[in-house]
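Consider the two complexes below, in which chain A is the common component and chain B and chain C are the respective partners.
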Partner chain A sequence: MLLTAADWQAVWLTLKLATLVTMLLLLIGTPLAWWLARTRSVWRGPVSALVALPLVLPPTVLGFYLLLALGPNGPLGQLTQTLGLGLLPFSFSGLVLASLLYSLPFVVQPVQNAIEAMGERPLEVAATLGAGPWDRFFTVVLPQAKPGLLTAAVLGFAHTVGEFGVVLMIGGNIPGETRVISVQIYDHVEALSYAQAHSLSLMMLLFSFVVLLLMYSLNRHSRLNFSMSRP
Partner chain B sequence: MFRLHRYGKAPLAFIGMLLSSLLLSCLLVPSQAIAAEVMVAVASNFTAPMKDIAARFQQHSGHRLVMAFGSSGKFTAQIHNGAPFEVFLSADQAKPEALIRAGFASADSRFTYALGRLALWTTTPDVDVRAQLHSGQFRKLALANPRLAPYGAAAQQTLAALALTDSVATRQVMGENIAQTWQFVSSGNAQLGFVALSQVMSGGHINNGSVWIVPDTLYQPIRQDAVLLKKGELKKGEPNPAARAFLAFLQSAEVTELIRGYGYHRE
Partner chain C sequence: MTDLHLNLDLRRGDFRLQLNTALAGQGVTAVFGPSGCGKTTLLRCIAGLEQGGEIRLGEELWSSARQSLPAHQRPLALVFQDAGLLRHLNVQGNLDYGVKRARKRGLTPLPAEQARQVLELLDLLPLLQRPVQRLSGGEQQRVALARALLINPRLLLLDEPLSALDSARKQEVLPYLRRLHQVYQGPILYVSHALEEVVQLADQLLVLEKGTLKDQGRLGDVLARLSLGDETGVVLEGTVAAQETDGLARLALTADGTAAGSAELLLSAPQALVGDHLRARVLARDVSISLSRADDSSILNILPVRVESLSQSGASVLLNLRLPDGELLRARLTQRSVTQLGLQTGMSVWAQVKSVALAG
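Presenting the complex of A and B:
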């Protein structure tokens, strides 16, 4: 492997981004999944659709709207400026925000499926035994949904590592700030430096394969495939 | 993707319908039926004039141009790997030369169709853009990636000539091509940007905002070459008539006049 210092910088940045995004997504996504799995609100449909949007939208669409919305004339850009945060495009924080949206369904759906698969019964039993709602969430739901959470974390992480279109739209290709692995590979390919592109690409390929392999082996051991919903 | 089967067979039926209608539309419009079509790959900076040129060419000749706009680097890689383009309008000279060396383009068809010019642009009207660059009163300066785009390289040379390379280093953002660079400025995310003059000028006038046309002495000339690709030849050395007509039209006085309005020079 012939990785340059710039390549390693991109690798490090990507890992930092994916780790941070995965942790934030588990924090945000788990309550959201819990709510989606249990609610009978009329908002369930619209919220589910919103969460799943990044699955079907081309990343460039998401990136383009983020660029406009986060820009100085966009509503979010005006908000961040008022809050003294400045503008988010071309910054690491901007990438974190974009990745949260982009990888949200990959975290919410496995957790939601795990909670739905669990059914009402364990919760009813826990309630009969006198467990309050919070108690039920932490001592029943979370342990039962563990394989789902694991799948969610792995998918969220891997999907953020593989993010490209959105980053290209709002990143601005700044070394150490927004130049992640996928953008670095793209630069190598565009500049016709295929040898360098190969080193990084091969690394990504192996990484993705190992991650998926791990996930599927873990899921098999728990004897439940939580990446698919159960009836 | 996780929950599809929950909805039973309805999505499958829908997808089936979609696929069959797509298939049907392909059968109804065979692409071979329209003979005089030329597939042209065009560097992003030449997008606006090219649309104008295509309309006129179609009017004059009856031939139709099928155009793809993008970065020259990407087109070069695609042509190496069998892309169906017949004519390539690059943003530089190096890529057509490389294609000729690799046997994907014919050497005697190559000519310089335009000399690109660099402009420093902001969307704010009536400001001295050059003074703004020197004073550092901006948050971000956009330029095309110098490694990939000739206009990016020209921007880098300009900054070096003005001794500003170090002072803007932390505030420069890079577009993957000149179109994205334009978009960074246009959306207001970068206050200043080095773009192609053709992106902010038409009919000899600046479209909006303020522009400093960078003097030609500050950067190496941006010679943009056109070349006939092997896919545009019926057999060796014999271009498809529509491609030949287009290359001739591209060198006409009418086109010279037209692209000057977009800020290009001609040799």
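Presenting the complex of A and C:
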């Protein structure tokens, strides 16, 4: 079971993409989760629904609209062009952007659940002990939401590694730029090189299993919870 | 002395808290009242966790209609009903959390030696490295108390610190609360719905009812005015003059908590030493009246009193009785007894006290 140079290229590209996306998602998703967990704004419902859309939408639909929006005539495409960034579709940057949207709920929801489960009390306690809002966020919220953050990182990473439909729509199949593992497997199957497809597929299978196993054993008490219902 | 001035008016749904008063800048002031009377809301307002009205500590304005000092900048400490320990830190971590942030809000945490004294007083030295999940309810409350004391706050707020504990744990923590004054001289605001705790701990009493101030003043005075049904009574303070061989202590009552008077009470206080300051609680239902001193009675405490007032209270009559040195005693009698004895304001009679409970 040997991987070709092209296979390895796809593996590295996938890991690079997933790592970058996970880090960005933790940075964006944590404040968003914090806001969703605590706001009483009328926007909470619409924002929650938007964040959760990728859970139910076929990846092709998401990819299709992203392609339109980021294309030369789309609003985002025109923006990126005026900013001198060029066009994002069929580039690594475009893939990163698409993956951010695609994996967002997998990061936001575990963090949001953890913050909601923590409740108001630890924050009030920290405030009466002299901790300001930022201090409370870093010394109480983050440590207490750690299991949720860990779950979020693992799910965000694994889900990005596993994406296919969105990649195909927005990234195409450019070696070293947008050809990730799932696309490489698809190519092997198309070319009837089942042995090659098998090597990569088995690798993905084992990777996913080990990741989930690790997460469940590290995080025995928390559940993966994607429930949309609110008290 | 820096008094705490409050002028609050806030609504939460159909509940309204409205009060305008000043609280003493030293000693323990108990905020007493039934559940839902606004005690906890009052405390949360003072701590800055809720907004509504004017709060001033001495010359320092903490909150007004226009602006409010955020909770983390107010130089106070709050002990929550459920202790509120930060669960991701161990005992030491919890204690340090407040100390590290004290100077930023103008407080000087206790120096090492005094800090150690607090930990010793609260028996926490063996628990410092313990995760907070492995503490009993009583231990958690002691850690919360130490965490508050170590930052040396200008005002200490205690929100029913015993109410989440069962009665055995309560008895475990109460003595620590009684000793607080050894390590903390600032003002304490103690919220409670349990009269038993209030009687043991408070110097001043503030009674809330449905969000408004019902009564306020020295514990003994307010308690004497308060109608608590079966629990109606007074608190008498005194110094142990002698410890008798049969286990009873002779308590010389001190009127107004200062000069020793002439009246004495016998009560069971086996642990008390001569010179100890004690509080005794005498319920109105445990006091009966006789016109002459009965020497053939089993009752030990028979005190000369003057009838100050009689008031109808339900099916019975509540009498306010004045001891020679000015302390108040209350007695609950039936209308028939009052008529039979011909009791009237100004009469000198004997009060027979059936039982006296030690209260701290």
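To be clear about the criterion, the second predicted complex is superposed on the first by the 220 of 231 C-alpha atoms of A that agree within 3 Å, B and C clash if a C-alpha of one lies under 4 Å from a C-alpha of the other, contacts with A are read in each partner's own complex, and residues count from 1 in each chain.
We take it that contacts are C-beta pairs under 8 Å (C-beta built on N, C-alpha and C of every residue); 3 or more make two chains touch, one makes a residue touch a chain.
What you see is a predicted model, and the numbers here were worked out from it, not measured in a lab.
**Q** Mind working out whether A:V96 is in touch with chain B, chain C, both or neither, as first, second, both or neither?
**A** Touch status of A:V96: no partner.
**Q** In the superposed arrangement, which partner chain does A:A191 touch: chain B (first), chain C (second), both, or neither?
**A** After superposition on chain A, A:A191 lies in contact with chain B alone.
**Q** Between chain B (first) and chain C (second), which does A:G172 come into contact with in this model arrangement: first, second, both, or neither?
**A** first
**Q** Examine A:R121 and indicate which partner it touches, taking first as chain B and second as chain C; both and neither are also allowed.
**A** Only chain C; A:R121 stays clear of chain B.
**Q** Which partner chains sit in contact with A:L76 here, chain B, chain C, both or neither? Use first/second/both/neither.
**A** neither
**Q** Tell me the contact category for A:L129 with respect to chain B and chain C: first, second, both or neither.
**A** second
**Q** Could you say whether A:V61 touches chain B, chain C, both of them, or neither, answering first, second, both or neither?
**A** neither
**Q** Applying the document's definition of touching, compare chain B and chain C: which contacts more of chain A?
**A** The partner making contact with more of chain A's residues is B.
**Q** In their complex, what parts of chain A are in touch with chain C?
**A** Interface residues on the chain A side: 121-122, 124-132, 135, 139-140, 143-144, 146.
**Q** Would you pull the chain A residues touching chain B in the complex into a rising list?
**A** Contact set of chain A toward chain B: 55, 67-68, 70-73, 87, 89-90, 109-110, 113, 168-169, 172-174, 186-187, 189-192, 227-229, 231.
**Q** Flag every residue of chain C that touches chain A in the complex, lowest number first.
**A** The touching residues are 47-49, 70-74, 76-78, 80, 82, 84-88, 97-98, 101-102, 104-105, 107, 147, 151.
**Q** What residues of chain B sit close enough to touch chain A in their complex?
**A** 1-3, 5-6, 71, 73-74, 76-77, 98, 139-140, 142, 145, 147-148, 173-176, 180, 183-184, 187-190
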